[in-house]
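First subunit A sits with subunit B, and in the next complex the same chain sits with subunit C.
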Partner chain A sequence: MKRVQLQRWSSTVLSPRARTVSRLHQHLYGAGSRCQSTASPLQVDSNAQSNLGDASFEDVELMKHVRSAHKRKGNLKYPSPPVDAAINSAKLAALHARLYLPSRLPPQTLARALVDASADPNADFNNESLATLGHDLLTYYTTEHLLCTYPRLPLTVIFAAMYAYAGPKTLAAMAREWGVEHASLPGGEVDPGLLQFRRVEPGTDIDATPNARTPRPYAAQKAWRMTVTSKIFYDDEFGDAFKGPATSGEGVTAELASATFVRAVMGAIYLHAGRPAAKRFFEQHFLSRHLNISELFNFSQPARDLARLCARENFEPPVARIISETGRKSRHPVFVVGIFSGQDKLGEGAGASLIEARERAALSALKGWYLYSPLNVRVPSSMEEEGAASWKPVYVDLGEVIV
Partner chain B sequence: MATSMAASKRPFLTLPFLLPSWSDSITLGSRRYQSSYRRTKQRLRVKPDASFGSSNQGHDQIIYNPPSSAPSVYHTPSKFLPSNDVRRSMRTEDTATVNATSEINELPNVYRSDPERKYHLTPADVEEIRKLRLSDPMTWSRHKLAKRFECSPLFIALVCEASPEKKQIQRQVLEAVQSQWGPKRRMAREDRKLRREAWGRDE
Partner chain C sequence: MPVKGIKTVTAARNGVGAFILQCKRLDFHYCNYGGSSRGMLAFLTQTLPNFARENPQIEIRVSPRHSKHPIIKGHYINGREKSICVRNLEPSDILSKAMILKDASGEKLKQQKKPVASLNESVRGIWSPYHGDLRGV
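Moving on, here comes the complex of A and B:
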């Protein structure tokens, strides 16, 4: 006997009714049918069963199939998959195991972390709150690591390093490495193991959105000078202006949705497994990524900066001396120049001309200053561990060289 | 002994089936230089560094011969270490043993001579410089003023600025010169600028 494929035409013929997004409506009507807890029975099931009650089919197999199809149809009216679907999702279980997440973190929360606010505007079912917590934790751990390990870094380099460790591009790359796939369209019937978000309409200019959320005064004056110090005050942790709030109708980019998911996972681990597990997750997934901080520098006049630095720190003025050279009269000469302050060598550089070698030597001397790292670095959050040794104040530097 | 080595090498090279296929074409070419094998070998026979010697002091030691490369920027110079850092006291022994003081002073300067700083200009002189430059910018250029007041052109630039007309004329002169440049020279100039920017990024 050929089975009737109810499931297919139930989804095509019976189109889901458009859901209103107003909060009031959700509270009045939505709250009754959707429950966060997995234990409470869903209203959909009882509805489906009462509808099916008068129909008397003898075939048990067929009845099972019809019931599941009806359940699927019931899911269609939700913008994101129901909570009980998370237990049966193989993708979700695989992701949980692949990330080696703590067993205290249930798959339901992981499923919630995969629902972006653009897919489900209901704050009880999307990952916005988890992502906010996760973002704060991530940026806090990254900042304390950077500031304690390299106390002399200039602010622009700190911003760049923060972006490299916890920026949206890195988080999106991590989500891709974790094997998180995107659902093409969010909905109640999709597998909860897929990342669900509403995509940006093709052809929209992402950068053109008006920036209404930035607290910076005179933000409209593009030609005005923006100091680095003001970026601490007015801008986000990466030194970029705050993005405008995502309005409910708009979509988000895949990069942003992936980043939000990774942050939400961090927040979920913190909530379910506690602080040590979150810290461990951060160290294993974020700090373990290799970042060569010495490549983030860009100096325009290193020799001048070094002279200012030596004057500030009461060192002897820097002198450039030729350590060795070869082929001065040839087409490809090489000069090795060292910068000395008194009897101490501050830096060394090689170049095809004396000017180049001197600039490179001054640059390496400046990097030597900025990349100073104390021994036995401890971060403030290590005091939260059990039986931590008494706190010794970390090294705090005067600040970068200002010319 | 060298002849026997050469003799044992030759039949191996003349049997092409023993070698991988890509070397077929170069076997003929390499045979030509067989005669120089011994000479090359001799030249490559470099005396090992003294630190590789078997018994220097008679006790165990660590052989540390780093390749000649630029020092790592993560190795903070001793002068840049804060006063309470342990590494500061640990490193002093190394530098004290070597008579580095005389060696460093003997190294040649990058510039021929250090410009002697005189600090001889008075506020009246500065006023004079400004007046001259404003009155006749064509005659009193930076270099001429520097020569007259025995200071550097940089100091003249710090003290006063050229008038807008003079800047405009200078810009026009530069444009006229640059309009004569062909594609090769223009590209070379642009490349030079890019290379200079790359120094700052340490590339």
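Moving on, here comes the complex of A and C:
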């Protein structure tokens, strides 16, 4: 692949902006502490720069342009924009205001949240640490919300709901809905308001990455039985195997980079504005999204599950009875079947055949059980608020039925 | 495994929790010489700083467009853009045009036929002929 010339990019495509070199900047970059970049940096000719400093042209305006151009060229050395460029970025300020981020969160941190580890491997300048914190907060808040609101959900459905609320796909969609744009290529001269990450080379098989980090013993034995309970211990919060870490120099997908950015914003809010602001941000941006949990179930044999459930709960065994029917001998018959346990109707469903109607009725009965939600539910993190009422234990269920 | 989970993605409901303004960028183009840009030049010097201060969510770009009528171009989160030509307009009229672009969602304008659009299913449910008070014919 032909290598893109950064120098040409910086002058034509990317918006030019003058940068003042602060003391912090000099300290960070000048002392040679940043020599970790995997990208081959464009070497600035030191002789040319010293000559420029000596030259004293009469035209002040021209010299200003020449100097700013050289400063831009100097930024090409860095894999991500310098810290003080964040102040001058209109894109970044607009993003800050669009998300109603607290004013205590400085634009510099938001700029850092936009730099992925694939763009800048230096942990002091990329969003990896912020994203780790944000990820933990996100999964904690989502888990406690799900477990307290729907205490009877089966574990596989909890995994699916976690994925729907805080999975990478959702986070990437959120970044898109926040109006975050991607930089074509990361670099020191890029506007700090753009999401910067190194893209995956075309033709790379994304799913082929080896699961080097999975703590599961005998992970190579694909044919072995993998229980749902073991997913709690060995797999991530969505019930999927841990992906190996992206090695430096390797690209990431836009979806993954966007998800990391959203997590990093969460972590940055927690660090700068505190726990209440982070909680509020979670409620406003994550919990407010629409998810119909009853659509996450995929039963294979609902009638059998319902029978086991009734046996476990000491209900009378479920019996299916026809409530009403029409056109039994016609092309479009409809049967309405109810599932009864003694005198109580557990569920009801309509279908074109008796078996289909019975399955649907069992399904609605199971969903009615699993989707139980207590009233006025509180989550454990609400105890962190000031003046919180004393804690009352939430409802904890036996768990799903084991067949 | 008795029950499996189906992986989906939550749907955004802009304004239910946080509200994200859909206009992310406004470009103001003017010409230094053309007479049709006179109102635009006055707008850029007098009204625009205040407008920008009131709407920090919008990135604002001002750039000359030589020998062309002045226009305002809005860029939206859904990727679309809308532009309005503001030739020979007064600064107050240009401000109202900028407000139109600011408040737009970026979608194509279309007639809203239903009074309510919702992701939630109907509370009342769908009428069923097999339930309730069955009457003999």
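Quick note on the criterion: the second predicted complex is superposed on the first by the 350 of 403 C-alpha atoms of A that agree within 3 Å, B and C clash if a C-alpha of one lies under 4 Å from a C-alpha of the other, contacts with A are read in each partner's own complex, and residues count from 1 in each chain.
By definition in this document, contacts are C-beta pairs under 8 Å (C-beta built on N, C-alpha and C of every residue); 3 or more make two chains touch, one makes a residue touch a chain.
This is a predicted model, so every value here is computed, not measured.
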For A:350, decide between first (touching subunit B), second (touching subunit C), both and neither. both
If we overlay the two complexes on their shared chain A, which of subunit B and subunit C does A:367 touch? Say first, second, both or neither. first
When both partners are placed on the shared chain, which of subunit B and subunit C touches more of subunit A: C
In the superposed arrangement, which partner chain does A:333 touch: subunit B (first), subunit C (second), both, or neither? neither
Per the contact definition in the header, classify A:288: touching subunit B only (first), subunit C only (second), both, or neither. second
Give one of first, second, both or neither to describe whether A:323 is in contact with subunit B, with subunit C, with both, or with none. both
Looking at the overlay, does A:297 come into contact with subunit B only (first), subunit C only (second), both, or neither? both
According to the stated criteria, A:358 is in contact with first (subunit B), second (subunit C), both, or neither; which is it? first
Go through the superposed model and pick first if A:375 touches only subunit B, second if only subunit C, both, or neither. first
Looking at the overlay, what does A:315 touch: subunit B (first), subunit C (second), both, or neither? first
Shared subunit A surface residues [contacts with subunit B and with subunit C]: 295, 297-300, 323, 350
Name, in rising order, each residue of subunit A that touches subunit B in their complex. 294-295, 297-300, 302, 315, 319-323, 337-338, 340-351, 354, 356-360, 363-365, 367-369, 371-375, 395
Which of the residues in subunit C come into contact with subunit A in the complex? 1-14, 16-18, 20-21, 24-25, 56-61, 77, 119-121, 128-131, 134
Which positions of subunit B touch subunit A when the two form their complex? 70-71, 73-82, 85-87, 95, 100-101, 104, 107-111, 199-202
In the complex, subunit A touches subunit C at residues 90-91, 93-94, 96-100, 154, 156-161, 163-165, 167, 169-170, 173-174, 176-179, 193, 228, 239, 283-292, 295-301, 304-305, 323-326, 334, 336, 350, 366, 400-403
